[in-house]
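Paired with chain B in one complex and with chain C in the other, chain A is shared by the two complexes that follow.
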Partner chain A sequence: MSLALRYLPVLIFFAAWEAITFSGLVSTRLLPGLGEIGGAFAGLVASGEFFTSAARSLSRSGMGLGVAVVLGIVIGLFMATNRLFQLLINPIVRIFYPMPKSALIPLVMIWFGLGDSSKIFLIFLGCLLPVIVSSYNGARGVNHVMLWSAASLGASRAEILREVILPAALPDILAGCRTALAFSFILMVSSEFIIAKDGLGYLISTMGDGGNYPAMFAVILAVAGIGFAADRLYAAFAASSLRWKESS
Partner chain B sequence: MTSEFGIKVEGVSHSYAGRQGAGTLALKETNLEIARNEFHALLGPSGCGKSTLLYLIGGFIPVQNGVIRTPAGEVHRPGPDRGIVFQNFALFPWKTVLENVIYGLKKQNRSKEECEERARHFIKMVQLGGFENHFPSQLSGGMQQRAAIARTLAVDPDILLMDEPFGALDAQTRRVMQEELRSIWRNSRKTVVFVTHDVHEAVFLADRISIMSARPGRIEHEIETGLGLDRDDSVIESKRFIELSEQIWRLVREQAISASRGEH
Partner chain C sequence: MSGGNVVAPQGAEIRIGKTGAILIQIGVVVAIAVIWEMSTRLGLAHPFLLPPLSAVLGRLAEDTMSGSVFLDLTLTLYRALTGFFIAAALGIPLGILMARQKLFGWFFEPLISIGFPMPKVAFIPIFILWFDIYDTSKIIMVVFSCFFPIVMATYAGTKNVDKWPLWSARSLGTREGQLLWEVILPLASPQILTGLQIALPVGMITTVVTEMLMGGRGVGGAMIQAGRFADSVGVFAGIIEIALLGMVVIRALEMLRARLLIWHPEARH
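After this line comes the complex of A and B, so read on.
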């Protein structure tokens, strides 16, 4: 399917949006027209407000996500290969996984204050668990026949972990990181609503509070756009890392 | 055949842990001596513990009772002196054929050039020349097994353990692979332990066949095939081959029947 055809429903969605604002059924205060939103976005870009906010936000979510991915893979692989470690960590992971991390925002604010560290910690925490769980499941699913083959070819335990278990678990790990990527955006925006003096989430909430709805919508759509682009970029990266999975 | 020993299995029992602590006895006081450079087949009904015995020799599962010795010493863990070929899923799917074969070579003290040269040699030997840069998922089942055999042979193990390596292949491919394996063995002279439940495969390939009893497994009969060192496809039409296959089939059948009746 061509790209244009695949995203046709999105175009229809925006066309319907325009039609509704044009018809006057809904107040343009509640649902501004796309032209108005575009104008507000241009204003935010021109004032530099948008890019400074985006840079602040993306550096926070990038930090939190990056640390979570590295640590999550290490913890997940150790859980899969060390029984004692698994017995210690697994119950904690299982209990904290389904808990909404945004519920921790007030607590994290008390612990870390209003600076960057509170947001980064929250994003880190939210991203960590899906990476641990997917790495653990991926590593446990590795066929023992592959591990035994490596051992009989002269690989040590550490080499088997690094050279066999890690790449064999990679499809699961990459899927977990994709979930984590989405979580990082959710937590970035929601934590900036509550504890921030800058960033995209902060921008959305101040524009809303100030009654500048076109600008608020502009930032919301921009966040959605950045999230979508990040996900597509990530999917392309994952696919190129897993070229070996395609069969001819 | 020399009288040097290749593998000695002495009084080995093995039980698998059950859920409630009551284990399943898979092998019972098994003794087996395989001569150096002998092609030995382990034959028996499914669940007789023939794979368990092979994994114990490989050092993949710990010996609980008894001793297993090879010329390299007592077996405690896997090692490159004992190569193994499984039925499938053993190749590293993220590595190409060449990278798979090089993997074990890199663990030895060899230069980069030597690793690659040696890997290419073994890939050619198993007739996979031209497929060096293919991923396993791009190969047929038979080609994957050739690659797995090349990877194992490349590190030059004294002992070659084979766990129903042709069990997942179609009949024609299987026949070709059996002939090729026999001729590879003829040229490389290794001690081979070949697990199978296919009587014809065992008789065609092996110098000696151990027939195992139903669970708990032990070796019930040991039979010398005496079909000579050089065999090709024509041997299966010989009187000796047909009679031997019949005789062994009857022995295996007895074990299979008692297994299905839950005797022992």
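After this line comes the complex of A and C, so read on.
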């Protein structure tokens, strides 16, 4: 199937959107036309407002996510290789893992106020748990024969961890990081809606509060597009880093 | 997540038995509770930033007596579950149709795969604009965020059903209608359940965020109210309530999975 035919439904979707606004079936206040939204977006780009907000938001989620990924992999692998450490961390993971992390928004507001650190901390906490759990599960599932072979060939514990466990756990770790990436966007946007004075989420709510709906739609669609692009880029990166694996 | 040490013990590795493991884990929880309580009592942490555990538990007891905990929890649970079930009722049939009917697959596949990774919470202001800030709008938002993972998982699960059981069933005279219920759905059910298990926590997160943004009763609304009035005890009480609710709901779905898939090889672990 050609690319054009494959993405034709997307075109149909936007055509229907245009048709609805053009026919006057729905008030343009509730559903602005695509041209209007595009114009509002161009305005936000020209004034620099869009890029300043995007830079704030993405640096926040990037920092929270980055620290969570590094720390999460270390904790997860350490849990899988050290029984005592696993027993100490497991109850904490069990308690925090099923908790909807957005419940922490009022807490980080009390602890850190409206600045950057509240959002970074929230994103960090939200992304940490899926990475820990997936790294732990991945490392735990390593074939024992490989570990014994490595050990009998004289590999040290550190070498086994780096050369055997980490690569074997990589598919799980990469899947966990993808979940974390999605969480980082959800938490970034929702915390910026509720406690922020800048960023994309804040820009959306100011435009909405001011009744500038075309601009509100424009930023929402842009955020959705950035989230989509980040996921696709990550998927490509993950696939290329697993190329050495046979099958799957 | 129980047991399992991947590196074979070398030299002075500590061996911990089953009871020892349980005791250590209970000990961790108790230690956290004691450290929490003592750090404020000893003046190490500011009582506003970290109110003592006893104060938080006291508040929870008070709110339980007055019944307001149940009102908030019930509302939050009602919104989360209604949204989740509507999403499942729409998403599972659509996923199956997409996998079985070429035209549906062609039309919805690109739309769903583009919509899936988008951060759905960004659309909350649009739903406020369209449906106002009450229950309808909150529930629709939950439906919207749960819908995509459910459709994706159902579509993938149904599409990847092995052709051999289908051919055997057909050659044994199974009608197309029966095929869906007796062969395709059971074979796709592990993946469909996985989709539901991804959607449920997403739905919980969304419920809490919509409640915080749109206000009104419910745990999220109560917490943001407490936060605005600098009532940190109330914020912590809310976190404990929502953590318990999350644990119960997610555990219930895990148990449902174990029950439904009792025939499946995964149940043997």
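We adopt the following convention: the second predicted complex is superposed on the first by the 237 of 248 C-alpha atoms of A that agree within 3 Å, B and C clash if a C-alpha of one lies under 4 Å from a C-alpha of the other, contacts with A are read in each partner's own complex, and residues count from 1 in each chain.
Assume contacts are C-beta pairs under 8 Å (C-beta built on N, C-alpha and C of every residue); 3 or more make two chains touch, one makes a residue touch a chain.
Computed from a predicted model, the values in this text were never measured in an experiment.
*Asks:* Look at where chain B and chain C land on chain A after superposing the complexes, then choose clash or fit.
*Replies:* Fit: chain B and chain C sit side by side once superposed on chain A.
*Asks:* Mind working out whether A:A151 is in touch with chain B, chain C, both or neither, as first, second, both or neither?
*Replies:* After superposing on A, A:A151 lies in contact with both chain B and chain C.
*Asks:* Residues of chain A touched by chain B versus by chain C: which partner has the larger set?
*Replies:* Here the partner covering more residues of chain A is C.
*Asks:* Angle at chain A between chain B and chain C: what is it in degrees to the nearest 10, using CA centres?
*Replies:* Rounded to the nearest ten degrees, it is 80.
*Asks:* State whether A:L107 touches chain B only (first), chain C only (second), both chains, or neither.
*Replies:* A:L107: touches chain C, not chain B.
*Asks:* Which of the two partners, first being chain B and second being chain C, lies in contact with A:Y213: first, second, both, or neither?
*Replies:* second
*Asks:* Quick one: is A:V67 in contact with chain B, with chain C, with both, or with neither? Answer first, second, both or neither.
*Replies:* After superposition on chain A, A:V67 lies in contact with neither partner.
*Asks:* So, A:L166: does it touch chain B (first), chain C (second), both, or neither?
*Replies:* In the superposed model, A:L166 contacts neither chain B nor chain C.
*Asks:* For A:W244, decide between first (touching chain B), second (touching chain C), both and neither.
*Replies:* first
*Asks:* So, does A:I20 touch the first partner chain B, the second partner chain C, both, or neither?
*Replies:* After superposing on A, A:I20 lies clear of both chain B and chain C.
*Asks:* Considering only the touch criterion stated at the top, classify A:R94 as touching first (chain B), second (chain C), both, or neither.
*Replies:* Second partner only.
*Asks:* State the minimum pairwise Cα distance, in Å, between chain B and chain C in the overlaid complexes.
*Replies:* 7
*Asks:* Taking the two structures together, which residues of chain A meet both chain B and chain C?
*Replies:* Overlap of chain B and chain C footprints on chain A: residues 148, 151.
*Asks:* Give every residue of chain A touching chain B within the complex, in rising order.
*Replies:* Those residues of chain A that touch chain B are 143, 145-146, 148-155, 159, 163-164, 167-168, 170, 243-248.
*Asks:* Considering only the defined contacts, which chain C positions touch chain A in the complex?
*Replies:* Touch list, chain C to chain A: 1, 4-8, 10, 13-14, 16, 21, 24-26, 28-29, 32, 48-49, 106-111, 114, 117-126, 128-130, 201-202, 204-209, 212-213, 219-220, 223-224, 226-227, 230, 232, 235-236, 238-239, 242-243, 246-247, 249-251.
*Asks:* Can you check the complex and tell me which residues of chain B touch chain A?
*Replies:* Answer in residue numbers: 55, 58, 60, 77-80, 82-84, 86, 88-95, 103-104, 107-108, 135, 137-138, 148, 151-152, 155, 157.
*Asks:* Quick one: in the complex, what on chain A touches chain C?
*Replies:* 1, 5-7, 9-10, 12-13, 30, 80-84, 86-88, 90-96, 98-107, 109-111, 133, 136-137, 139-140, 142, 144, 147-148, 151, 157, 160-161, 165, 182, 185-186, 188-190, 193-194, 201, 204-205, 208, 213, 216-217, 220, 223-225, 227-228, 230-232
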